[in-house]
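There are two complexes below, and they share chain A, which is joined by chain B in the first and by chain C in the second.
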Partner chain A sequence: MNPLISITLLMTLILSTMIVMISSHWLFAWIGLEMNMMAIIPIMMKKPSPRATEASTKYFLTQATASTLLMLAVILNLMHSGQWTIMKLFDPTASALMTMALAIKLGLSPFHFWVPEVTQGIPLTTGLILLTWQKIAPISILYQISPSINLHLMITMSFLSILIGGWGGLNQTQLRKIMAYSSIAHMGWMTSILLYNSTLTLLNLLIYIIMTFTMFMLLIQNTTTTTLLLSQTWNTTPVMTTFTMLTLLSMGGLPPLTGFMPKWMIIQELTKNDTLILPTLMAVTALLNLYFYMRLAYSTALTLFPSTNNMKMKWQFHPTKQMTLLPTAIVLSTMLLPLTPTYYILL
Partner chain B sequence: MDLFTSSTLLTLLMLITPIMASSTNLYKNSNYQHYVKNMTLSAFIISLIPMTMFIHTNQEMLISNWHWITIHTFKLTLSFKMDYFSLMFMPVALFITWSIMEFSMWYMHSDPNINQFFKYLLIFLITMLILVTANNLFQLLVGWEGVGIMSFLLIGWWFGRTDANTAALQAILYNRIGDIGFLLSMAWFLSNTNSWDLQQIFVLSQNPSNLPLMGLTLAAAGKSAQFGLHPWLPSAMEGPTPVSALLHSSTMVVAGVFLLIRFSPLMENNKPIQTMMLSLGALTTLFTAICALTQNDIKKIIAFSTSSQLGLMMVTVGLNQPHLAFLHICTHAFFKAMLFLCSGSIIHNLNNEQDIRKMGGLYKILPFTTTALITGCLALTGVPFLTGFYSKDPIIEAATSSYTNAWALLLTLIATSLTAVYSTRIIFYTLLEQPRFSPLMNINETNPALINPIKRLLVGSIFAGFILSNNMPPMTTPLMTMPLHLKLTALMVTTLGFIIALEINTYSKNLKYPHLSNFTNFSTLLGYFPTIMHRLPPHLILTMGQKLATSLLDLTWTEIILPKTMTSIQLKASLLTSNQKGLIKLYFLSFLITMTLVMLLFNYPE
Partner chain C sequence: MALVHKLLNGTYILRKCPKPGVASCPFLSTRFADYCSSSLEKPVAAPGKAPSQRKTEGNLEGHHQREVALDITSPEDKPEVSFDKAIKEEIKDHFRRLKDDIVNHWIGPEGRPLHEVLMEQAKVVWQFRGKEDLDKWIVTSDKTIGGRSEVFLKMGRNNQSALLYGTLSSEAPQDGESGRSGYCAMISKIPTGPFERKRFYDWSQFNTLYLRVRGDGRPWMVNIREDTDIIQRKDQMYSYFMFTRGGPYWQEVKIPFSKFFFSNRGRIRDAQYKLLLDKISSIGFTLADKVDGPFFLEIDFIGVFTDPAHTEEFAYENSPELNPRLFK
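So, the complex of A and B:
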């Protein structure tokens, strides 16, 4: 793509999220969300193919619906409260509608159906942007309206997301779809703690972004999109197999890696609020996620898959792609656990 | 201590002396048998003293000797209860044992272990007396188990024969099933009346619940071979004839009925238990009488006859007449022991032939045995004014004139007539007609060790009924008047049985049935009971045990329930969530409709 166009699109993307985050007028926030959607559609179509077209169409349809619903909720709020400030909503119907609109935007269950299909149809880098940057704007709105969100709706959607994220990923070999289901599950964890202690939502988002960024960077390095391709990384860069395994385990939430931190905090907050069944079930279903991460780690790092003799020579050559921030990201996504007390920064 | 106490204890202690003498040299030579026999004789004579004193003064006695153990409020002592039942039974048991010991000096003459045999018989006698004189349930259990163990050792006397070993084990197993009931009632009595003493139990639980009484009935059914737990008694005929005479006709098998008689004050007011005992006894008596009709082993016929009489005793207890049952125990002991001794004489004289189809014509050859056998059979069937009449006839009279179960009564009457039938069968096949055994038999009955016991028991079979019933103090009101046809019931059915049996037996000389009918099969195979019950329940229970251990425990609980179920659930769920059809329009449409409806319904609920 023409570099001028791609810079414009990227700038618009960044600007739109900024607009959503700093606005205090509902209309402005809506504008930001629309710009976000408009900017990313061409990015998705960088390499035109029927698959990409289908993905971007699906993305457009769902996100447009979500924005419309958001507008409806804003109008209802205006009707009941007479003002446009971004704060808690004053009508339960408006609150429910806005929650559902943001759920569609994030890909929470039961509106999760678009996430795997869209993620599968786009190149890896765009998928990275989709699963990390695009989550910031809706979460920021959710953070601001959190006092008025209906508890039952939120908890139902988040627990269902965790389940769907776990069960859906079991049947996959395409890595992008696996990352999509993992994103659904993590969104579930994030929104479950929103009404009890919203700071932890932001913490979870931060850690999730770091880990997903690391994972995608590792995948982009060798353009591996299937498990089969991933199992050949020991031929090209053997050291990356270790890092892949560590990142995957961190995403699964194993101590003493970073991914354990948000899960631990969330379970602690939930138990402090006397809900015991929910964190138990959430922790148990997180095992499903861990299972398919382990399957990937098994075929990548724990076993050396057979390959042709030509493949075995690839490590002798220097990598041609740029490893953007990969070492930093790997360190951040595996060794951040001792810094847990610093999450008070987010308060 | 006065004469009553000292003579009782002396009787019991005298019998222990030969046991202790078995560790000396006396055990090695042949005088030991005479020693034991004479000790039993002396014990018998001394035991007549307390019996006479009791008849004279009607004073019961309780000897409580040695304080054994106290657990919290529960006290266990060694105590002997000398009342009506135990004082009357002791001389009878000692008399019969004395006669049998003299007989076994002839019968077991060529056995190298004859001294051990006598020791076993003596230990059996001691445990039986412990059982009879026990005042608390623990001592009774000691006696109960003791007679069971001695029965095992004596039935399996010729242990080289597998049938004997099987029969001994069978006796133990069936008795054990009865012991479950015994222990159940012991536990109930302990927890509800805090004592195992009979006096305390009778005072504290006037109307006990059905549970301990069912337990006692089960114990009696096990020990006294009632229906359901009866197969061990015919199998026990594998033991030597003196053993059959002592244990399985007179003494051990009556222990069960004796237990029920001891506890009869608890069952006076409990109609359901009495009805149950009545039905059980009636079923037993008829079933075993039917089985006795087609047996070919002389000892088995007499064994089934014993079983039938035990059923009759159970019927009597079920009619709430424990004293009549006790009288029948005492009189039955005489003629049944004599029948066994006669059969022992016949068997030994015919060179160990036990099949009645190969006997015959012994009428002129063994005159004394013939006399005894015929008298015994007549006494068994209750011919007037012999021994059996004085106990059997009052039982039938009590049954016909009491407000009782007509079906049980009918069964009892049929069994009474069948008693006459199989008695006639024994007499006909062994004594009458032409001889069917090999001509080279060495038959004589001149040995006094054979003749004297049979002579004594013969006198007993004729006169004991008269003597006992006239000297026993009456404990219940006897029934004085009844219609003539009820009075003559027993006599009439017995006569009917005799006539029919004689007719049919004479037929067997001229007619022959071409093939066996189903009824004959039923009777010969003992009602198919052992065939079914000795194979099927153990097989079912053992397969169930195996299936429980492997299929249920190993396979299901530890493998299928959690791991495999979890696996299948996860597989199905993952397939469900990741297979989607892309029906976008449908999804959006359903979303729209849902939203509209929800908003309308929640905002305008009317």
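So, the complex of A and C:
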């Protein structure tokens, strides 16, 4: 792609999310979301192929539908409140519609069907942007309207997302689909605590972005898109296998890694609010996620899968790919648990 | 639509002497071959030809008597048709498949443990050992557009292979708009899950297609289609050629997936894309070599395997002159 166009698209992407985050007028926020969608579509089509076309089309259709529903909710709110300021919504119908629209944008169940298909059809770098940066704008709107969201609707969607994120990722061999289901499950955790303590949603989002970024960087490093290719990385870069394993276990929420922090905080907060069954069920269904992360870690780091050459390690050439922020990301995604009080207070 | 099709086919379960196409011909798309699963031959359905099909049925019956058929029952037996029972059987079958699907999802990809799927280096996808294997294929020819080619699919000797045979005729149909004709094809049915949900094959850990065939020297075209979610992609396919050698010896054809070229609506496109193996929908064999006359192709099995010596990712290049859009 022409570098000038590439830069314009990336800047538009960043600008659009900033617009959504800082705006106080509903129309402006909607414009930001539309710009966001329009900017990422050409990025998805960087290498045109039938699969990329399909992924872009699916993304466009779902996001456009979500934007339409959002606009409808905004107009209903305008009818009832007479103003465009972004604050809690005054009409339960508008609130339900807006929650569903943002659920479609985020890929929350039962509107999650587009996430694995779109993530599978696009290159790894674009998949990283889709699963990290694209979540910020909808979560910022959810954060702002959180006092008026229907509790039952939100809890149902979040629990279903955790369940489906765990169940759907179980027998996948394509890594991008695994990351997509992981994203669905993490969105479930984030939205479950939104109505009780929305600060924890932001904390979970931050930690999720760091971990997903690390995972994608590790995958981009070796250009691995299937479990089989990942299981053969011991032959090329053995050190990466250790980091892959640690990052996967962190994503699964195992202490003493960073990923345990949001889960611990969320379960604690839910328990404080006298909802005991929900965090129990959430913790149990998170085990499904942990199961497939463990399987990946097992095939990558804990066992040596047969490879086509007879060597202990392939000849190490000078790496041509840039390891953008990889060491920093690995440290952040595995060693931040002792700093829990800091983050809890900061956010 | 798919359920109506299954329903009508479901009435066959209870019939002792199934008759091809009597119930289904007026309803179904006539592009698909109509067949009697207990007969030895699979004739092609022609558009709007129900009465003549009964005549050909009579011919088929005669044909059966020439070739020894061990499972054709006496024509005096009246077929039992029970609509309700067929529906109930069908629904039970779908729920059973749903239950199997859920259990298989727990076990691993395709119902097998993950390590078994990852370590697999060769897999037989289709093999022809009985009539139920023939049911997974559809044969079609230019009869659907008014041409004169004929194609049949039957089990070979000792039920060890499938024989695709017929006559190719490149005589154009007299409809005033077709200038060319003459093709025969055998296409695999799209795999379906419970409630006729479309499934796909995941061949991402393999890199070569392996066919054990015995032909008559004709060049065939192997076409692979990917899973379609959006309408346009029904027209897209990836093809390569398979040259058969004739002769009494079996031929093992290995075609790497990197060699398949992309075509849309029957035309090879300038912009070429790699065949992505994670969502394969169907495979097909087409004969359209403009040579009139009889043909046959005997297929033992079709499999996929990993050839470690083959490291090519894609055999074709895109050039900036032909498709500048890809190089912007």
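As a convention for this text, the second predicted complex is superposed on the first by the 338 of 347 C-alpha atoms of A that agree within 3 Å, B and C clash if a C-alpha of one lies under 4 Å from a C-alpha of the other, contacts with A are read in each partner's own complex, and residues count from 1 in each chain.
The rule we apply is simple: contacts are C-beta pairs under 8 Å (C-beta built on N, C-alpha and C of every residue); 3 or more make two chains touch, one makes a residue touch a chain.
Small disclaimer: the values here were computed from a predicted structure and weren't measured.
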| field | First (chain B), second (chain C), both or neither touched by A:299 | value | second
| message | In the overlaid three-chain picture, which partner chain does A:60 touch, first (chain B) or second (chain C), both, or neither? | response | neither
| task | Go through the superposed model and pick first if A:84 touches only chain B, second if only chain C, both, or neither. | result | neither
| Looking at the overlay, what does A:172 touch: chain B (first), chain C (second), both, or neither? | both
| request: Name the contact category of A:227: first (chain B only), second (chain C only), both, or neither. | output: second
| field | Contacts of A:164 with chain B and chain C, given as first, second, both or neither | value | first
| So which one touches more of the residues on chain A, chain B or chain C? | C
| message | Let me test your reading of the model: by the given contact rule, A:315 touches which partner, first (chain B), second (chain C), both or neither? | response | neither
| Looking at the overlay, what does A:93 touch: chain B (first), chain C (second), both, or neither? | first
| query | Looking at the overlay, what does A:113 touch: chain B (first), chain C (second), both, or neither? | reply | first
| Touching both chain C and chain B, counted on chain A across the two superposed complexes | 58, 117, 167, 170-172
| query | For chain C, which residues are in contact with chain A within the complex? | reply | 104-110, 114-115, 117-119, 202, 204-205, 226, 229-230, 233, 236, 262, 271, 273-274, 276, 278, 308, 325-326, 328
| Which of the residues in chain A end up touching chain B in this complex? | 58, 61, 65, 69, 92-93, 97, 100, 113, 116-117, 163-164, 167-172, 177, 181, 288
| Residues on chain B engaged by chain A in the complex (per definition of touch) | 570-571, 573-580, 582, 584, 587-588, 591, 595, 599, 602-603
| field | chain C contact footprint on chain A (complex, rising order) | value | 1-2, 5, 47-51, 54, 57-58, 117, 120, 167, 170-174, 226-228, 231, 295, 299, 305-306, 308
